[in-house]
Each structure stands twice: as C-alpha cells, then as structure tokens.
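Each structure below appears as structure tokens.
What follows is chain A paired twice: with chain B in the first complex and chain C in the second.
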Partner chain A sequence: MKKSNFLVLALILVIAGTVTGCKPKEEIKEVTLQWPCIWVGEDSKAEAVAALVEQFNADNAGSIRVEIEAQPDYDGYEQKIRTSIAAGIVPDVFTMKLNPTTKAYYESPLLMDFSKELDMGWSKDFNDGTVSQATVDGMVKSLPYEVAITPVWYNMDLLKKAGVSSYPKTYDEFLDTAAKLKAAGIIPTSQMTGGSNAWTSMLWYSHFLASFGGKNVYDNPFEGDAYVKAAEVLLAMFSDGNTSRDAVGGDAGVSGGHYLAAESAMFINGPWYIGRVKGDAPDVYAATEVGPAPAVGSNSGAMIGFLQTNFAAAANADDPAKAAAAVKFIKWMTKGENVAKISKQSGALFAVKYDASSIDDALQQKFIEASNNASFTISHLAGVVPADVVSEFGQALGKMALGEATPAEFVEMLKKVNNQ
Partner chain B sequence: MKNKNIKMILIFLIPVTILYTFFFIYPLGFVLATSMTKWNGISAMEFVKLDNYIKLLTDETFLLSIKNNVIWALSGGFIQIPLATLVALILARKPRGWKTLRTIYFLPNIISAVAIAMMWKAIYNPMYGFLNAFLGLFGSEGHNWLGEINTALPAIIAQAVLYIGYFMIIILAATTTIPKSYYEAAEIDGCSTLQQEWYITLPMIRGILITTMTLAMAYGMRHFEATFLMTNGGPAHSTSVMGLILYHKMDAFRLGEANATGTILIFLGTVVIVFIRKLLTRSDAGSDSVQ
Partner chain C sequence: MKTLLNIFKWIILVFFLFVALYPLIWLLLASFKSSNLELQQNPFGFPDQWMFINYYNAMVKAKLPSLFFNSIIVALFAVTVNLIVASMTSFVISRENFKGKNIVFTIIIAGILLPIIAFMVPYFSIIQKFKIYDSLLALIVVYSAINIPISVFLLTSFMESIPVELEEAATIDGANFVQRFTKVIIPLSQTGLATAGTFCFIYAWNEFIMALLLTSSESSRTLQLGIRFFTSQFVTDYTAMYAAIVITIIPSIIIYFLFHNRIISGLTAGAVKG
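Coming up: the complex of A and B.
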C-alpha cells in the first residue's frame, strides 16, 4: 500500500471511530445521585431502604442511579452534612433532623426548595400539618419523612414479677411500683447522661415537662416552675436505686441495653427501636406495653411526638437533570406503598400517608394507639432548643445526679446556654 | 556555582512551600480571621472583634478544659515518657524475649483508637466491667469510674499513658546509637547496671528524651479522641478538653467561637511546648547526646 493511501485509510478509520464512539455517549447520560445514608448496617430500616433503592435503580436503569454512601454513625453523619454544606458542597440527597440549629441550612441557596413541587399536588401525600412544620420563611427545604412518638415502654412481665398488674399512671403509683421493682431486684427505669444528648433521660424530662407545663411549656424555655419541678422528678429517677449504677456517664447502649436484657422495667424510645427489640429480645418485645409517662403534674396522658427525619437535596441549579432526578427519587421514597414497606419492616412511623392496615406488628399498633389516645402532643426538648443546649443537657444532668447541682441550678445551667 | 545552588534550592522548596501555604498558612490565617466573627458557616460573617475570646476566657467550662489539657500534657511528659524510657532501657539490655515484648508494647499503636476506647469503656463499666470485678475479689464495692467527677479524668488518662509503645520505640532506637565501648569501660571501672544507665544512657539520649517529652505534651494539649469516645466531656464537664469544646461549638454552628477555641489551643500549645523545651534544653548546649 502506498504511504498516502495508508494515511487516508487511517484518517477515515479515526474519524469513523470518533463519530461512532461519540454518538452513544450523547444518548446514554445516566445521572448518578449520591446519598449519604444512615439507614444501613444494623439499622432496622436498612434492608427495606436498600431494596427500594435497588428497585428504583432497576426501574430507571440507564437514566438515574442512586448510590448509597453508608454512614452508620449518626453523630458522624450529622458532622459530614454540616461540614459539606459549610464548604458549599451539598450531597445530592440526604436526611436531616430539623431543629432550631439545623434550620440554618435553610439559609443556604445550595439546598433545594420543594415548595413548587409540593404546590403541584405532592403535599397531599403528607400528613396534615407536617409540611408546615418543615416550612421556614415560606421555604420547604426539607421534606417531613419519619415521625416519632416516644411513649414509655413498660415491661409488663417485670412489673408482674414485682407484683404490679398495670403500669403507673400517677407519681405516687410510680414510686410504689419502683419500690416493688427494687425489692424484686429489678431496675425501675433506664436512664443515661452520656451520648450527645442524654437521649432517654431527655425524653423522660420532656414527658415531665408536658405533665407540669402543658402543651405550651416550650413558649418560654426554662422559665416558670414546670422546668424545675420536672427536674426534681428526673433527679428522683436517678436517686434511691431508681435507675442503674451506670446511668451517669451511660450512653444509649447502656439505657437500651438494660431494657433489652430485661433488667430495667421502664424505658423510653421511638418506634424505630421496635425492630431491634423484636429481633434481639423477643421476650421483652412480647411483654412490652407502651403508654404515657406517669402524670407527675396536673396534665395527664400527654405524648411526645416530633418530626424525626426529613429528606433534603442539593438545589443543583446548574444541573436541572440532577435536580429532577433527586425529586423523582424522593417522590419514590415518599410513595405510600414504599413507606409502608419500610414501616412494616422497621416499626418506624412516617409523616407520609400510607395504608397502615397491612402493618400487623402488635407493638407498632400499640404505638399508633398511644398516639391516638394522647390528650395532647408536644415535641421533645431537643427539638425546640439549639444544639448547644442539647449538648449541655447531659452535663447538667450528670452534675445534678451526682449531687453537685440542685434542680434549680440544673435549669439555670441550661437557661444560661440557651440565652447565649 | 553559587547561583546554581540557589536555583536548585528554590526548585526543591517551591512544591513544599506551595503545599504548606495552601494547607497550613492559609487555613491558619482563615481560622484567625474568622475567630473574630459571628458565623454559622452558612450565612454571612459578622465582625465581633474579640467577643468570642472574651466569652471563652470567662467561661468556667473552657477554663476547666485548659486545666485538663495541661494535666494531659503533664501526664504525657512526666508519666508516659518515664514509663516508656524505663521499658526501653530494659529492652535495650536485650533480655530473653525482648523482640516479642517490643512488638507487644508497640501493638496498640496499630489498633484503632476507637476500638481501644470502647474496650476501656467496657473495662470501666460499673456493672459488668473487668476492673470492678477484679477489685471485687479484694472486697471493693466498685466505682462508676467514668461516671464520677473525681475518677473520670484519672481513668481516661490512666488508660492513655499506658500505651507507651510509640515513644518506647523511639527511645529504644536512640539507645542503639550509644557506643558499646562506653559500657565496657564503665563495667571495668566497676559501675553497676543502674549506674551505667544513669551516667551513660540517660545523658546520651537526653536530646531524644526532650523530643519525646515535647511530642507527648503536644499530644496532651490537643487531646480529643479518648475523651470524646469515653465520656464526651462528662460527667458535669469534669473531663472536658479544648478539642471537645471546639467540636461542640462546631456542632452548634458557632464556627466563629470554634475558631477562637482553635486559636487559643494553638497559642497555648505553642507556649507550653516552647516553655518545656527552654526548661529542658537550657543546659543542653554543647552536649553530645543523640538529637
């Protein structure tokens, strides 16, 4: 072959290869969404969430692909989200707890505002009032997803063993029940001061606040008698053997662990814990009744309920395809039938309307009943105060439990941080 | 030739200088500048002069954290390093099984700090922990080691200073550079082993001892992990350290205050290290010890 013919042939091959090689690339433009996700590993929602993501990817093969970035540690997860947003990098899809501190996210133009999508009919998929809870200055930059009610969990087998036939409804009944439980060698309540928010004890305190202060107790945080009186009752929970020896300094593993091991008779957590109890302690699961905390003040039958997790997404203003893909995926995750699957597997409850008739979990039904029977519902304390107050709660509680602060000083410590 | 050398020096220095500027000088300047602002990381910064510093330096918890950091630093320098030196001197004599012991002492350095903290948390557990079970054999009623104000800080420090392997390896390496003839001469002169260590080994490795003490104290000033994992600063802030305060400020979106905390941490760390080096090296001039 002549040299010139060879060059022409080579040129044709290169052009042909380039043209044929480019064309399919234009057609196949798959959008990939990164989702840093806490519902992985041992989490009770992990399996159902993974199955839904897999199904979504299969249904949208070639156009959208969701990739889960496993992040099993919640504190680490929150750090990651916060640092990313501060650095101007918002994950494509993520979940967050909406509270006075995280409401700062709404100031970021990098987060997607779902208002328009919701106005186009999507808002009907959510339970009444939940979207308005996630609205700040007219913007809905996070969508209500998981809700929580946190009644007291009573292990009826342990109560019966101590000679108590029903769970305590008043403070006097509580003291009587606690005395009988201690006599039978059972720890009356699970408490904790550790972790990032002293979760279990913070919920006990929230119940007592509801009982003393009613549904408007959070109107003026840390003002009025209700806060000190509730602290006095909480202190009693840490005194006279009413909780475990490792409660001061103990974390959620400690408070939950005693309940799972049938060592403590009364405990507080949300419905997401049902899956854990069912799997790890079936006897405890079968023996558990849920209900309001003993009425320590003038209000009885109150319940603690709040938005637990909201969905959020990057605005992706320069990439409309990605923004649309994120909306499509979140719509998939908030679809009633899909939410029902997660709810059925994990026991969690949601802010999305779904057919709950398929949920046959006895304990989950008890949660729904407890919610329906509540005289009124208020948020937990951590949902209405800034993060540094939440962080201070465990320290102040530890100080009070160790006799280094009075209930009034405990409240003063929290008030001081709240006023900063 | 001289010009050529300068060129080469510049060529070799430029990459490091660029990296150092981007990853140290710039962040440090940014931290300093933003430490005088009210900023949540998302909205605009507001210049507040020295308010963040005043707030921190009048906060009881922060002052307690500084004190705790100093305790950590002193524990590192004056408990951990002497322990590491003692073990290094014993192993330098190459007793039977010294290589195995060296590996065992060094092993915790390759295990995750999280795993170690979790293990010690379990050991200290007042209800099921090994320590109370062991002390129970001698009639002790047991303590909530991490849940009581007077025991929490010593408990965390105790588990940390036990891990001497890293410094022991450095000191052990230094001892190998001392000529054997010194010891032979000392032996002929009738010196005991203890005298040999005191009059030959320790003076000869003085430079390394100062370096390891400086490092241990620097680690103490910036300490965070074990406290965060084992007590989160509790109970009642009794184990709080500056690093933890910084973390909690970030957690609460108070980035201006977090950066003021970071600035104080860097400043105090520098002061402590410079002071200790001045103190320990004042009579070191002219010494032929291993540096």
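Coming up: the complex of A and C.
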C-alpha cells in the first residue's frame, strides 16, 4: 500500500513538472581563478593586495572568485612557475619579472596575449613606454605592473659627521667623501657578492655602466670599454676599506644590514625597502636622501629603472569565461585607485597611472623626484642578460674582489657565459 | 709522546665537535634575538633580551601546529609505503635468482644518483594527471617513490646478510614464498627497515621544493613551507624564521636519537664478510 502511494505521488510530480514546464533554474557557474601570489606574509604589499582581492570577490560574488595561493619564497615561486609552464600548465593569474629568460614564456601559446584588450583603450592606463617594454614580437603576454628605480641611498647624518655637506656627484668627490668617512670610522658603501645575483653591487655596476656607456650601453653587452671601466670602479668600491669586510660572500642581509645599522653611508636598493628602513631604523630613514650614483664617466644623472613585476595569465583558450574573468581581475588590480592603495601602503612604484598626491611618505616622494630628475633611465644589468650571466656575476665579482681576477678578466668571465 | 698524541686527538675531536654543534647553538641563540638588526650587529653573542615571542610568532603566524600535523602524516605514510615497496623489492632481489636481476638492481639504484631537479617536471605532470595536485597524497606518493632507490640499496644489503638456512628451515616446515617474507625475513630485517625508514622520514620531513611544487593551499602544506612564511621577495624576518626552524628540527633529532644504533648497524650490514 505504502509502495503504491509513493509511486502515485512520484507520477503526479513528474506529470506536474512536465505540464507546467518547470525547470530547475540554470545555475550560473562561478569561475575560480588561482593566483600563486608572492605578495603575502611579510611582504609590504600583502595587506593591500589581500584587501583588494577580497573586495573583488565580494563585488563579483557568485560569478568570479580569486583564490590566493601564498608563495612567500620568491626563488621557489619562480621555480614553480618555470616548472608549471614547462609541464604545459599555466596558473590562471600570476606575476613574473620580465627578463631575457622569462621572455621565452612569450613563445608559449598557453599564455594570454593582452594586445587586443590593450588596443581597446586599456593601454591608456599605463605609463608611457611601459607597455612597449613588455611587448615582444607584437605580443603583450605580460602586463607591466610594478616598476622600480634604484638610486643610491645616502645617510646624510653620517656624511655630515664625516664633514661632508652634500652627497658626491663626481668620482673625485666620491673618493674624497670615502676618505673622510673612513677617517670617521664609517664604512663608505654597502656591497655584496652573495645572494642569487649580488643585488646591491650589481646595481652599483649598472649605475657605473650608465655613466660610462650612456643609454645604449646594453646594445652590445660586454663589448666596449664601458664594461671594463665600470668594473675598475666597482673593484675600487671593494678596495681600501670602501666597503665592509663581509661584503665578499655577503648577501642582501649584509649589505642592507650595514646601512640599517648606520654603519655604512651609501647603499643601493629599490623603493620596496622604504618600509623596512622606516620600521627598523627610523633615524636612518629620516637621514636618507636618494640620488644618482657619482658620475664616474661622461654621463651624469642617470638612473637605473626597470619593470619589476608584470602580470600574466593563462590563455585558457578552451575556457573563454575563465579567460574573461582573468582579464577582469587584472583590470581591477591595475585600476589607478587600487594601485594607489598598494603604493601608499608599501612604498612601491607602479607602471600604472595613478594619483600619487595621497602618498605622504617623504622618502617615497624623494624616489619619485629622483625618477623625474633623471637625465635618462636604463635597466639594471640583470634585466638585460640571461639568468646564467646573473648567477655568474656574483662569482666573478667575488674573484675580482679577492684579487683573483682583473676587471678585464671579470668582464671576460661574464661575456663567456653570455655567449654560451 | 703518547700523552701528546692523546692531547692532539682531543683537540681534533673538540674542534670537529665545535664545528658540528656551533651552527645549532648559533641558530638557537639567533632565534631568541629581538630583530634582524640585532642579528646583524651582534651575530655571535647572547641576545640582549630573550625574545620568547619569536616562538609564539612562529607558531601562530606560520600556523605551525597544523603544518606540523601535515608533516607528520606525510612523513609517516611515506615511510610506510616506501618500506612496503622497498622491502618486497629487496626480498626478491636478494633472495631469488632470475635473469636480469643485476640489471634491475642497477637501474633501481641508479635513481640515487639522479638530481631531484630532474624529476620536477615529470612528477608535476603525473600528479596533475592523477588529479591529486594540492593534496597530502601527492607528497606521500612522491616522497615514498623518491626514496625507493636508497631503501632498496640498504635493505638488499641487509637481507643478503641473513643466513639462507633460516629460510630453508622455514620451507621444510611448510612456509610458502609469502610466509618466508613475512615470518622470516621481515622480523629479521628490523634494523635495516629502521635505517631505511629513518632516511625516508628525514627526507620527507625536510623536503621543500616538491612540497612547494605540488601543493598550493594551506591545508596541504608542510612545515618546510611554513618556515618560508617569514621570507618575502625583499624582506625576511630572520629571528622568527629561526625560531620556526628550531621547532621543526626537533622531530628529526628525536628520530635520530631513538634509532641511531639501528641506523649505524643497518648501514654497516653486509660491509664485513664472515
């Protein structure tokens, strides 16, 4: 009896459903984007980026959801992206440094080409020239996002203590300043040969290259006098007490640490370091001025600037909804007002046009001025040579600093790797 | 002369003891320092102030307890799977005679010499194809597989040192192939199993790059990834990171202390004939 009741009820429901033509509402499928993100944990942009992602998810609830995969270890992150792309699997959204090694990603059809979207007006949101820097063979498979300039940081309190009233603008002035600093027991410059790219010293070298070789110095890498002359000056930085004893083998913690501890008077790094100095060494922060490196060659006032981070996405050719969602999210992240929030919190500079008037950090303003006052801007060396050369730089520099190689041999070592 | 030699011997021993222990002591002291700046200015001395908060930060910020749990699960299951596969393989190689035995053994053992970086793309593809990316299972499978060559090498040497007569006696008593393995060889191979298992455990506990590659969410991450939480592209909170490292090395030390006698005897099994 019970069974027959159940069958009747089921039949009635089926008929009713058929007659009324009721269908369950077609559910809109939510698109989920995975973003392996380096701006997490201790990173100065972490909080602002997380808030923007949260806001985006709230605004697009039910249709798009962005999930951050925390990747705090940058070297590991780069390794993961390389392996993923080699295996034919591209993250939905990710960031990368555009350099000769990563430009190979452009050959992959798995990466989205933003050209069409940019042609439809999006390109106006970016600073002049930045999109062209990210264009390879007419394709824009990564969008310029974070940019950086790396001027020399001068601790004016230490310079004054040594009897120097302004930071040196020529090589002779630098040597004079260094002598006075040493006499006062202060280390003139922070240097390093360790880390994956001898970052601080590589930047010093890039400044010297700009001064000797001008804006076209990278046209023929390691050819011409500029490279050897710049190496001679770099060697001088490692000689006669012009840097700390632990510079050979030291990493970014060593070079930055001496500056933070007010032990060294000159140092090079990008604007992302502002937050660190402000937090860890407020006196040093207050005393810091930034400017070009001393003109060691015929060109003065040059600045080292580069695309620090680009946005990229999977092409998702078989999933247009996902591709569209990725574009929508990246457009959100490149919106001027959103970029301003990240910039204000972190001190970072961006390739996107945004209202910088809300930025009230004094040192960040000095960075912007230094950028505006530059006679010309070129990339750092690591941005224009393959990864193998970047790895070799620290090794070769260590040899030169220890007296095992001359400046000409130093250049020859890099040239050899570059030509391989 | 003998006294001089003794003094010299002790100087050498103390020197190497210092070299071996100093990094651990340094790490412990560094984990209690107040900031990166103190670490820079006073790298070798005692902390100005003992910052136990670094350990609290390590536990809370990096969510070490849940990562600890994940690491234990991954390491224990990886060891179990590894030992099951490796012991069966070693039993056949050490006890059975078949054509191509030496070639099979050599091919397996050759895996010890391959750098881990060579496996990255293949493992990434396999794990994606199996749809187990971002799971503890992915790490268990990979860690147990990577350690098979070294485990087979150790266990084969060990099993070869067990007298064949014991198996022959078991056969006369009616034991079949499986029973010879489970009732005779496995109980007598405990030292070898402990050695191979310890190696596998320490590898699974300390491994970083595969864990980074094959997982993405917090729920499937291990301790080694948690340690990196204190680094970023430009800034590293070294003191909290060192505190996290101190916490994570404790289980490895405990495992080694518990099994060190077996590890040594397992490693030397088959080294001396007679």
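In this section, the second predicted complex is superposed on the first by the 393 of 420 C-alpha atoms of A that agree within 3 Å, B and C clash if a C-alpha of one lies under 4 Å from a C-alpha of the other, contacts with A are read in each partner's own complex, and residues count from 1 in each chain.
Throughout what follows, contacts are C-beta pairs under 8 Å (C-beta built on N, C-alpha and C of every residue); 3 or more make two chains touch, one makes a residue touch a chain.
All values derive from a computational prediction rather than experimental measurement.
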| item | value |
| --- | --- |
| Superposition on chain A - do chain B and chain C clash or fit | clash |
| First, second, both or neither for A:A184, with chain B first and chain C second | neither |
| Contacts of A:I368 with chain B and chain C, given as first, second, both or neither | neither |
| Partner chain(s) touched by A:Y273 [first = chain B, second = chain C, both, neither] | second |
| Partner chain in contact with A:A86 - chain B first, chain C second, else both or neither | both |
| Which of chain B and chain C A:Q34 touches, first, second, both or neither | second |
| Touching partner for A:L260 - first (chain B), second (chain C), both, neither | second |
| Touched partner set for A:G76, first chain B, second chain C, both or neither | second |
| Touching partner for A:D43 - first (chain B), second (chain C), both, neither | second |
| Touching partner for A:A104 - first (chain B), second (chain C), both, neither | first |
| Among 41-49, 149-157, 167-175 or 275-283 on chain B, the segment whose C-alpha atoms clash with chain C after superposition | 167-175 |
| Interface residues of chain A shared between complexes with chain B and chain C | 79, 86 |
| Sites on chain C touched by chain A in the complex | 35-37, 39-41, 120-121, 124-125, 128, 208-209, 212-213, 216-218, 225, 228-238 |
| Contact set on chain B toward chain A in their complex | 40-43, 55, 125-127, 144, 146-149, 152, 231-237, 248-255 |
| Residue ranges of chain A in contact with chain C within the complex | 34, 36, 38, 40-44, 46, 69-74, 76-77, 79-80, 83-84, 86-89, 252-254, 257-258, 260-261, 269-270, 272-273, 275-276, 280-281 |
| Of chain A, residues touching chain B in the complex | 78-79, 82, 85-86, 101, 104-105, 107-108, 193-196, 244-250, 386-388, 391, 394-396, 398-399, 401-402, 404-405, 420 |
